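Pasting the structures in now, so scroll down.
Paired with chain B in one complex and with chain C in the other, chain A is shared by the two complexes that follow.
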Partner chain A sequence: MSSLIGLYSLFFGFSFSFLIVLNSVKNFRDTKNFDNRIIFLTFLQFFFVIVSFLGLIASFISSDFSNETVFNHSHTTKPLFYKISGTWGNHEGSLLLWLFVLTFFLLLFLLRSKNQPKRYRILTLLFQQIIIIGFFIFIIKTSNPFNYIFPVPSEGLGLNPILQDPALAIHPPILYLGYVGSSIIFSSTLSATALNYISKEWAIHIKQWVLVSWIFLTLGILLGSIWAYYELGWGGFWFWDPVENVSLMPWLALTTLFHCILVLEKRLILTSWVIILSISTFTLSMCGTFLVRSGILNSVHTFANDPERGLFILIFLFCLIFLSLFIFFFFHKIKRNDSDSFFWLSKESSILINNWFMMYFLSVVLIGTVYPIFLDVLSSKKISVGPPFYNKLIIPFLIPFLLAMAIGPKLKWIKSNLKNKFNLILLLVISLLISILITNNLDDGFLINTILITSSFYLFFITLRDLISRKFKNLSQNIAHFGFSLLILSILFNNIFSTEIITNLKIGESFQSKNFKINFEKVERKDKQNFKSIIGKFNIENSNGTIDQLNPELRIYNQPNIVTSEADIKTNIFTDKFITMNLVQNQEYFNIRYQIKPLMIWIWISVLLISFGGLISLFKKKYEN
Partner chain B sequence: MKIKILSSFLVIVFLLIFIVFYKGLKNSNIYTPDVDIEKDIPFFKAQFFNSSNQIKSVNIFTDDNFYIVNIWSSWCVPCREEHSFLVKLKKYKNLKIIGINYKDNLDNAKIFLNELSDPYDTIILDQDGTIAIEWGAYGVPETFIINKKKIIKKIIGPINEINFLEIKEIIQ
Partner chain C sequence: MYGRKVKLRFFFVLLVLLTLVLSVFVILKSLEENVVYFQSPTEIKALSEIEKKKIRIGGMVKIKSISMKTKEIKFIITDFENEINVIYSGVVPNLFTEGKGVVAEGYLKDKNFFLATKILAKHDENYMPPEVKAALEEK
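Coming up: the complex of A and B.
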């Protein structure tokens, strides 16, 4: 029943697109004022999409297996929470969620842009409707979440157990808010370009959308990363997996875009940058959808592979790209004015320098992600691009990037002199000394590590000093940059000082290493609602006499029949102790992986700080300084 | 003029990308790592266990006979278990046993061999674990059976009674 309501609502919602487009075109040509009927129609479309989405959720909750999506991804013994989150834990449902956010954001845009020009609002709405119509057709034609199966199966196939996790239940919606927010930026930029409305007022207005999408995208990536850390049992938080990369690329573009918009708001320069970045942020998000959903890439993310879907998104994506190219080249007039020149030592030039670095990082990630596809098609060789590629190409360039990030905010717009040179140099020397102290005992990579740590400490100290001493002139920037320095520092220390032990142990055995002893005491069995669990009791004696109890878990899910390994992590502010165990087939041994990872929690905290900086900026009226 | 050239250039680039993605869609992407079926021996260079000389893989697998490549380590408990089978296999004349000593402490390894006897015809060192990766090993212990310079069987984990009988059958 709820599936049926969902299906019909979806069709109704789709039909409203035509009404909206018709009304908007008429309104665009004829009348002077914005026709408020359009807002009402948009609201109705949003309403029907939300009913459709709720219909799908209801089918999941009631385990209605006559619905194909529910049959494929749910099971009666699944806890209620995961029944609900299972709604978007699959291809069809996640697209419906995407559509839901699209229509919601469009409505929000119309409500929040009342003092913008009429033509601009309507044109943005039209571009947004193109995207919405594209998604409606995509869902109805290739990925209908309400397909009916007969005879009705008595039991569903179940949700992949590694997706049954709280972080992953909210990760997709948050990430989508970021992705879809970029669609508003895309439509708005296209219409502003077409109407020649790129101005300081527009920059102030669109900045909020950039910030909102950016905050959600940052949090979404963070959640995915935390999930990967404790669920995949590998102990890392970033795999450079294609699917992670496709979320990182829009993030990089969006971050750059934000900084460009700050410059635009102040000086009305970098307009081409803003347009190109707005277009690329959304196309990269779409490109991500294409790469993940078409099955063109191999990845840890499990989504159905269906070439027909891939083809549709591909064509749609390229239509959008060509549309934006057309608008950019035919409507964008580059205005030459006096303020167009840059003085080398100014805030805008330091932003510009770091924009180029960001573009460089973006291209590295882009090439690393799509190059295997190109190579496969052109020469049918299969390669896989891994961390060494990214580390080698990105890490050295982080050094000037960090330094510019430290100095840049100290500069003034248009033209400036450095004040307090003595202080800046003093801090640099202090950072250098500290990092030499830290890297002193390292065997290899002494030079690069020292310079890297120096530059991150430099940013760290400069932002920290501002945070403590100042007047909070630009708190948001300060916190975000401080968070970034903290992030880089934690990642560096985490990489350099992690230790890892992999060994096979029987129950009762122990493993002795230099600094600690792992005792495998016993295992306990427990039965839960939809899985059986085997919990290992480990006792770790550290050299300083303390003892840690760690209990990693193996879960044997009933439906689908999959064994997952749950890590047990002891977190404190200095280190994480991370242990996983895995079955070794046909033996009484368990494969034990024990890691000591310093500063793990600071990686999460610093990303939170970064997005918190964005949040403060969102509530600030105007960019000062 | 400049804009025209730039725009047409971009259009062409994007069209090319489109074509590549389109073709990529048609390629099947289900990648299965092929296990053991007649794979070539990887090429590597390694140091001997007993001397500091280097040897290339082509000089180890010189003839078309049977070889067993066993990845082991003194710290690996299951290696201890399977060792007796390797010792039993030593008596077959048409079989050479090659040991790859994986990420081990040399002294401990020597104690290990003294204690349990040394079944290996040749032992090479793999201090950083790269040779094991070349072989596509999942961990220690792992054993490969080679005939006519091809890998014909792979045993993941310690050799047990069943594996032992299988190996005997293969080489006879």
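Coming up: the complex of A and C.
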């Protein structure tokens, strides 16, 4: 029943697209004022998409296995929370979520842009409708979430247990708010370009939208990363895996775009940059969806899927890119003051320099992600590109990047001199000394690590000093940059000072290492709602006499029949102690991995700080306007 | 004044081009050094010489081939035509099971022995790495 309602609402919602387009075109030509009926129609479309989405959720909750999506991804014994999150834990449902966010942002845009010019609003709406129509067709044609199956199966196939996790339950909606939020930036930029409305007012207005998507994208990536850390059992938080890369690329583009818009707002320069970046942000988000959903990517995260869908997204993507390039080349008029007065030592040039670096990082990630695909198509050689590639190409360039990030905000717009040079140099020397103190005992990579740590400490101290002394002048930027320095520092220390032990132990055995002794005492078995659990009792004697109790768990899910391991992590503000155990079929041995990872929690905190900076900026702007 | 501006522009464009060329060159160069090729046991049998480079091998874990000790795990990867012995010490993913697909990364000792440094986890019990699928279909 709820599936049926969902299906019809989907069709209704789709038909509203045509009404909206018809009305808007008429409004665009004929009348002077914005026709408020359009907002009403958009609201109705949004409403039907919500009903459709709720219909799917209801089918999941009631375990209606006559619905193919529910049958493929749910099971009666699954806890309620994961029945609901299962709605977007699969391809069909997640696309419905895309559509939901698309229409939601459009409605929000119309409601919040009342003091913008009429034609600009309508054209933005039309561009957004093109995307929405594309997704409606995509969903209805290739991935309808409401397919009916007969005879009705009595039990579903179940959700992949690795997805049955709180962080991953909210990860897709948050990430999609960021991904799809870039659609409105895309539409708005195209319309502003076509109407020659790229101005300071436009920059102020679109900045909020960039911030919103950026905050959600940051948080979405953070959630995915935390999930990978404790659920995948590798103890890492970033693997340079293609699926992670496709979320990082729009993030890099969006961050660059945000900084460009700041320049645009103040100086009305870099307009072409802004347009290109808006287009590429959304294109990269679409590419992300395409790569993850098409089955092309060879990744540890990919789930089984279907090539026909990939083809559709690819064609759709090409149409959008073609459209945007057409508008860019034929409508974009470069304002003559573009090249005026660009001095090397100014805020805008430091932003521009860092934008170049960011574009470079973006191209490294892009090439590393798509090169294997091209090579496979061209020569059918199978390759993979791993962390060494990214580390080698990105890490050295982080150094000037961090330094520019520290100095840049100190400069003024247009033309500037550095004040307090002495202080700046003093801080650099202090950072260098501290770094040498830390890296002193390192065997390899002394030079690169020292320089890296120095530059991140430099940014750290400069932003920290400003945070304490500057009395809320540009607080948002300060917090975000401070968070970034904290992030890089935590990652560096985490990489340099982690210890790891991997061994195979039988119950009752122990493992002695230099600083600690791992005792594998016993295992306990428990039956839970939809899995059996085996809990290992570990006792770790540290060299300083303290004892840690760690209890990693193995879960044997009944449907589908999969074993997952749940790490046990002891977190404090200095280190994480991380243990996982794995069972190998028909063996007495358990595969044990024990890691001591310093400053782990600070990685999460710093990313939160970064997005918090964005949040402050968002509210500050709203307050001022 | 005008001449200086033109000169500046020229240098600017030159700088951009140089940076572009340089970064593309650097990226491609390190791609070449850092990619890992994927091979099946049959392809390894056909090799004329053993390379020192890191590679990936994929196939099925042969049934009843796993044996485990404190320090290491031994098993056999097969593509149902040829086999290769793998010695591995490290983390074993949960879906590593006899009779299922596996991808191991590491170095060849000789044509029959592979020293693995990593075994890749897969998230989905029905999922088979595309390379393994292709390798198994090729025969």
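List of remarks:
Everything that follows uses one rule, which is that the second predicted complex is superposed on the first by the 616 of 625 C-alpha atoms of A that agree within 3 Å, B and C clash if a C-alpha of one lies under 4 Å from a C-alpha of the other, contacts with A are read in each partner's own complex, and residues count from 1 in each chain.
Definition applied: a residue touches a chain if its C-beta (ideal position, glycine included) is under 8 Å from a C-beta of that chain, and two chains touch if they have at least 3 such contacts.
Quick caveat, the model's predicted, so the values are computed rather than measured.
Steric overlap between chain B and chain C is present once the structures are superposed on chain A. With both structures placed on the common chain, the touch criterion links A:I373 to chain B but leaves chain C unconnected.
Legend: residue contacts after superposition of the two complexes on their common chain; A:N539 is shown touching neither chain B nor chain C. After overlaying the two complexes on the shared chain, residue contacts for A:S199 are found with neither chain B nor chain C.
Of the two partner chains, chain B and chain C are each touched by A:T503. Set side by side, chain B and chain C differ in how many residues of chain A they touch, and the one touching more is C.
Legend: residue contacts after superposition of the two complexes on their common chain; A:Y589 is shown touching both chain B and chain C.
Applying the stated contact rule after C-alpha superposition, one finds that A:L314 touches chain B and leaves chain C untouched. Look at A:F329: by the touch rule set out above, it reaches chain B but stays clear of chain C. Once the two complexes are overlaid on the shared chain, A:N558 sits clear of chain B and of chain C alike. Of the two partner chains placed around the shared chain by superposition, neither chain B nor chain C is touched by A:S272. With chain A used to align the two structures, chain C clashes with chain B at 131-139, while the other stretches in 5-13, 113-121 or 131-139 stay clear. In the superposition on chain A, chain A positions 295, 298, 382, 502-505, 509, 584-587, 589, 591 are in contact with chain B in one complex as well as with chain C in the other. Here chain B touches chain A in the complex through residues 3, 6-7, 10-11, 14, 18, 20-27, 29-31, 75-78, 139, 156-158, going by the rule given at the top. Across the complex, chain A meets chain C through its residues 160, 162, 232-234, 295, 298, 300-304, 339, 356, 360, 363-364, 367-368, 371-372, 381-386, 388-389, 392-393, 502-505, 509, 554, 560-565, 580, 582-589, 591, 593.
Residue ranges of chain C in contact with chain A, taken from their complex: 9, 19, 23, 26-28, 30-31, 34-38, 56, 66, 68-73, 89-98, 120-127, 129-131, 134. By the touch rule above, chain A contacts chain B in their complex via residues 290, 294-298, 305, 307, 310-311, 314, 318, 321-322, 325, 329, 373-374, 376-378, 380, 382, 502-506, 509, 584-587, 589, 591.
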